[in-house]
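Think of it as A, B, C, D, E and F in the order they're written, each chain with its own count starting at 1.
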Amino acid sequence: MSTCPECGDDLTLHDDLEVGEIVDCGTCGTELEVVDTAPPVLERAPDLAEDWGE
Amino acid sequence: MAVTEADGSADAETATASVVGASGFAGGELLRLLAGHPNVEVAQATSREYANKTVGSVHPNLRGLDLRFSEPSDLESVDVLFAAAPHGVAMDHIDAWQDAADTVVDLSADFRLDTEPQYDEWYDGHTAPEYLDDAVYALPEISRDDLAGAELIAGGGCNATATILGLLPLQTAGVLDGADVVVDVKVGSSEGGASGGKASSHAERSGVVRPYAPTGHRHEAEIEQELGLSVSFTAHAVDMVRGASATCHVFPDSPVSKGDLWSAYRETYGDEPFVETVAGGSGVYRYPEPKAVAGTNNAEVGFELDPGNERVVTFSAIDNVMKGSAGQAVHAANLALGFAETAGLQQLGMHPVGSP
Amino acid sequence: MAVTEADGSADAETATASVVGASGFAGGELLRLLAGHPNVEVAQATSREYANKTVGSVHPNLRGLDLRFSEPSDLESVDVLFAAAPHGVAMDHIDAWQDAADTVVDLSADFRLDTEPQYDEWYDGHTAPEYLDDAVYALPEISRDDLAGAELIAGGGCNATATILGLLPLQTAGVLDGADVVVDVKVGSSEGGASGGKASSHAERSGVVRPYAPTGHRHEAEIEQELGLSVSFTAHAVDMVRGASATCHVFPDSPVSKGDLWSAYRETYGDEPFVETVAGGSGVYRYPEPKAVAGTNNAEVGFELDPGNERVVTFSAIDNVMKGSAGQAVHAANLALGFAETAGLQQLGMHPVGSP
Amino acid sequence: MAVTEADGSADAETATASVVGASGFAGGELLRLLAGHPNVEVAQATSREYANKTVGSVHPNLRGLDLRFSEPSDLESVDVLFAAAPHGVAMDHIDAWQDAADTVVDLSADFRLDTEPQYDEWYDGHTAPEYLDDAVYALPEISRDDLAGAELIAGGGCNATATILGLLPLQTAGVLDGADVVVDVKVGSSEGGASGGKASSHAERSGVVRPYAPTGHRHEAEIEQELGLSVSFTAHAVDMVRGASATCHVFPDSPVSKGDLWSAYRETYGDEPFVETVAGGSGVYRYPEPKAVAGTNNAEVGFELDPGNERVVTFSAIDNVMKGSAGQAVHAANLALGFAETAGLQQLGMHPVGSP
Amino acid sequence: MAVTEADGSADAETATASVVGASGFAGGELLRLLAGHPNVEVAQATSREYANKTVGSVHPNLRGLDLRFSEPSDLESVDVLFAAAPHGVAMDHIDAWQDAADTVVDLSADFRLDTEPQYDEWYDGHTAPEYLDDAVYALPEISRDDLAGAELIAGGGCNATATILGLLPLQTAGVLDGADVVVDVKVGSSEGGASGGKASSHAERSGVVRPYAPTGHRHEAEIEQELGLSVSFTAHAVDMVRGASATCHVFPDSPVSKGDLWSAYRETYGDEPFVETVAGGSGVYRYPEPKAVAGTNNAEVGFELDPGNERVVTFSAIDNVMKGSAGQAVHAANLALGFAETAGLQQLGMHPVGSP
Amino acid sequence: MSTCPECGDDLTLHDDLEVGEIVDCGTCGTELEVVDTAPPVLERAPDLAEDWGE
């Protein structure tokens, strides 16, 4: 169980977490990068806004 | 009627219901919802124009129902009467409707405001002001506690509903105290009802971004009443049939952080069955969008921070004939009658979906 | 899995299910349907691209589900596996899928045709032809009896489904014997799947009436197989997301009357839960229209007589991701697993609705 | 009026023109075209409903024009009168219009058919049959030689125009002799004119694929008259405002090759300024599409071969208020008055464009 | 090149032009405009992807042009070079382009801002800052006097253009001094260019009201530079292809009247050939609407007063690929080269029109 | 030649003006009621906004 750095909500992660993997928070949807696994540490992944926009 | 259980299970007794204005857009949606409601049986659906025709002749999605329109003057006694007639009809018929039904849920603007002077200011007065005191605003996120047992329920306006839901967490958290608020709304064509006219013909209405209420929209009155602050409101017609989207540009007196905002929204909506916070994230759908909630009673709300301009922007999206009228009405009726809160309202949205 | 009752009631035991290709359009629709299915619990939803992300990050209507995508190579044992991957994937993985699940419902074209030579003629051959014999075509209106207990079910093509449903009553009544048939189809953009490309960008695809399969469409093969006659088929892309509409121009060998037609359609579809005949009548919706069935598993079928040209015109309308794929698949699975036929498939359409 | 030069150059004298029915869709388009026409000056634009108002109050694209509507009963003498009133008005007013103008171009169906019995069969008879003999069908690709100096010109129907243009090369090449032909048409909402009604409201008309003329469409009469063969015609309303697209499924008596088809189309349209053959090729736009010609007087025509079904499919696409009515009318008037054929009609289409 | 007359008449000599990025949306529009321009002849149209193919293979509206794409690395010497490549390309190629052409009109953001620090703040820096000083912002309503003879012209951003045009009269009249301004923009899908991606597929992009730039949009920089005030900017994607609509909510320091507003707009735009004030009035089109100007170089601007909230609301509507890019570029080039200001830009809009 | 009471622009009117007639201003589009004819006096016509809106 981790905490989302964006919205502060609890986050259940799968077991075989790897460093560098990207997951999204189920509450706020933010893409989070796994920067450590034991214990899991999560950071906001680089923003992809440019890819998405008009 | 005796509802023995409050959980909406199949054991709960069934309430009988009538829908006045059932040939209209909101009325048709009420019929759709009640057809799938485990605790409600529709007794009557009124239309003057289509009396004696099948409801499926007007609403193609309801061809499976074995129900014909009846005259609104021929009301039977029922447990709950839903009214979806144009503004002004309810105030003229409320006595008769209260006679016919223990609970009246009116979707028009006739009982939304608390006092007669408000109707003098924003509408053309009121012919049954004695009911204003007891009427309960239907939006459960605001009035849940007052709805239990209510006898007269006033459905909120669709633009007002979208706006209020977007701002409510900020108001509760005190962020709106002293704030300036601009509300820029985009709505679909079903908001205008089934009657039509030149401006709403397909050829004229397609593809528009049309300022249809540049200033002075009547929903300002409701928003002010429910949130306690006046807003600068402008509405645009855009090319969709269902949907209302409200973008609120908020300038708070003192700075807020993203964490504050997440807390405020979680606080307000954490336990709400029909409100989802969508704010950023990844993928194609990062903020509230009306098409993601079309056909459902869900509201999506969200926000973004603009530190450079000391601004908070909130977004909210609803289906105007669901959360913005018929769905909200059924939700309120569920609470008034003691049914499970989500009974009849668990439709999921669609993906992909075009311009519903 | 032991299903103790065939009526789909809450007492029936629950089947576990996996969805392969769950990030696609048909796969997402399967998740929506299974989420509301009383007898199914989703165990896995696969996506290679979005593995470990929430299904809600792709399908905004499913944000409420507590489910993350997993890799298709990591399949658990389940009762039923639905596959919604592109053509060619199923034939390569069918062994593994049959290992993982008692029942496999594949939505692609891989097992629709009966024989290997058909795949040589219409596709690029087949890598697992040994399964063709046992696979059952999923359209219950044609194959209901074969579906009970089926282990491999092949979902029909959406254009083929629309066409077959429109013509089936005529075929049963013998009207197609020796008849010439032209099929003119109009479809929405979701038929192309989620992957995209220049021709399917919003700017290029909006507002089109675009002949995208002027001749030689592969669905001709299915139609011929299921109806026993070859048709002249042309498909157009039009500006909607969901929906397939087939207009069949039929020139029978000998004259038919309107009465004959009504009898034929009543005969074929009188007891079908998901097919409605709409032919003439009054109001705005007189013939089948895709937008009237969007989001539902319903097909509308209808006809008109053109005595001057000795022609019968049939119309049929479905939602391509529902009756045309995911809905049909769940319907077939219900029959295969012994659930109530309509379990999970009772969504009502919307009115009004724009261009869903 | 004396036009001294036939090349439409600035030296040619200018003809005066009136537009009856100028507040309608086709009438407004006539005003747009004539405003940019080098040899025409608009004297009057009639509307009973909007008399004395600016034309810009109805047609926002014409706000720059300094022109107000006048009553149709107040006609001045002009060189050419264009009439775009509903069917039946022209036959009642043709005497007065011929008095007011040397050349009358009527866009309605009132003078399209050659003989009174045709009006008895397809319409409700005719009140001025004496004009039928002299009226010239406006489509220059068919009647160019008869248009010079014509005094009464009858604009073709938009669906008929699309169909005729698609089939004309086949007819000229003899491919239609003994052929069976099915015509499946898709049209936009402007075809219904500005008047509106429930079925054409945005909420009901959006997103449709609606069989609006399943059989028995009156344009069959024109097509038969101009091409000499009867066709099985069906029209669908789809979600666009401008545009008519005709797909013709042709079953010739003897086989044709692609080379034959290219020759036939080149033969017929090689020198036509407003017809382009689009048949296969690469990119997104491979066959005729209405959105590619929206706002222009161009027709796109094309074909595909279906050897398996011994079928030729032709496609044609026009803008119904341009090539399908106002543009065709101006084109015909240019020929009648001796102006350059393309004068006022050289608008280019747009790319990208949505759903015009 | 020697242009002997400034009136754009047929006697003026002709300038040669190249279009870099001609396969894109803005580039295609440049080709359309230049094809109809009396004083310009297109020498080259570049595309790397489609080199050697006809321009008609990408832009179906230009099938009539006898022109093939060439490589951008093969530039001939011309009088004027228009560049419509993505942001960042121009700054890398400006030396070569200035070599090839006396006048360069770049439609990207690369030369819009005046100073290098602005590029550091809003973009990722600049590789050719030495050009920033001399580049002239293309919007003639702001920079007409500087455009004559300009050698490097920077086309404005489409959202910035819409916003600036709506606010300019207020700025000139001093109404913006000390005012708070919220800008709420709605744009079509062509703003994103031809390249595509998942979010811009038809299925995902149809029917949206999608906050795509909730805060921090780069056009804020341009607006601030040109109007001298910072604005709170939010942009929404809506369901149209062409069009940008800006609603500005302005809170002036001191009250203004309707008469003041009419004066301010008349003052600023009375003589402008491409700006029309639309504010109230009657009929269906009472305020600026993008669909009324689609395909044209016109901007509609308008306003409404909200005395209760001490607010002025301004509306403005443009076609993003015309006034918002290609049209503005040609307009600026006309001024730079001494042609008639409106040469090649006199297209009229369409009525009715759907969602262009 | 009259002046529009809404936007202040000049307004050319047709000759046979009648009291009660509604014309629109060519500049601002406002519907104007003719309340007198010699000389012409124009007033803003009653607003039709309600008929127009959603």
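By our rule, a contact is a pair of C-beta atoms (placed from the backbone, for glycine too) under 8 Å apart; a residue touches a chain by one contact, two chains touch by 3 or more.
Note that this is a predicted model, so its numbers are computed, not measured.
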item	value
Chains in simultaneous contact with subunit A and subunit E	B, C
Contact-linked chain groups that survive once subunit E is dropped from view	one piece
Repeated interface matching B-C, over half of the contact pairs identical, chosen among B-D, C-E or D-E	D-E
Interface sides of subunit C and subunit E: same vs different residues, half threshold	same
Farthest-lying chain, centroid of Cα atoms versus that of subunit D	A
Whole-Å gap between the CA centroids of subunit C and subunit F	60
Gap in Å, rounded to a whole number, between the CA centres of subunit D and subunit C	40
Centre-of-Cα separation between subunit F and subunit E, whole angstrom	35
Subunit E, residues touching no fewer than two other chains	25, 189-190, 192, 194, 197-200, 203, 206-207, 239-241, 278, 281-286, 289, 352-356
Residues of subunit F engaged with two or more neighbouring chains	24, 29, 52
Residues of subunit E that touch subunit C when the two form their complex	25, 189-190, 192, 194, 196-198, 200-203, 205-207, 239, 241, 354-355
Contacting residues of subunit C [partner subunit B, same complex]	25, 28-29, 32, 35-36, 53, 57-64, 188-190, 194, 240-242, 276, 278, 281-285, 289, 292, 294-296, 321, 346-356
Subunit C residues within the subunit A interface of the complex	52-54, 56-57, 66, 68
Residues of subunit F that touch subunit E when the two form their complex	6-9, 24-25, 27-31, 48, 52
Subunit D residues within the subunit C interface of the complex	180, 182, 184, 186, 198-199, 203-204, 206-211, 214-216, 230-232, 234, 236, 238-240, 243, 245, 247, 249, 251, 284-291, 304-306, 308-309, 311, 313, 315, 317, 352-356
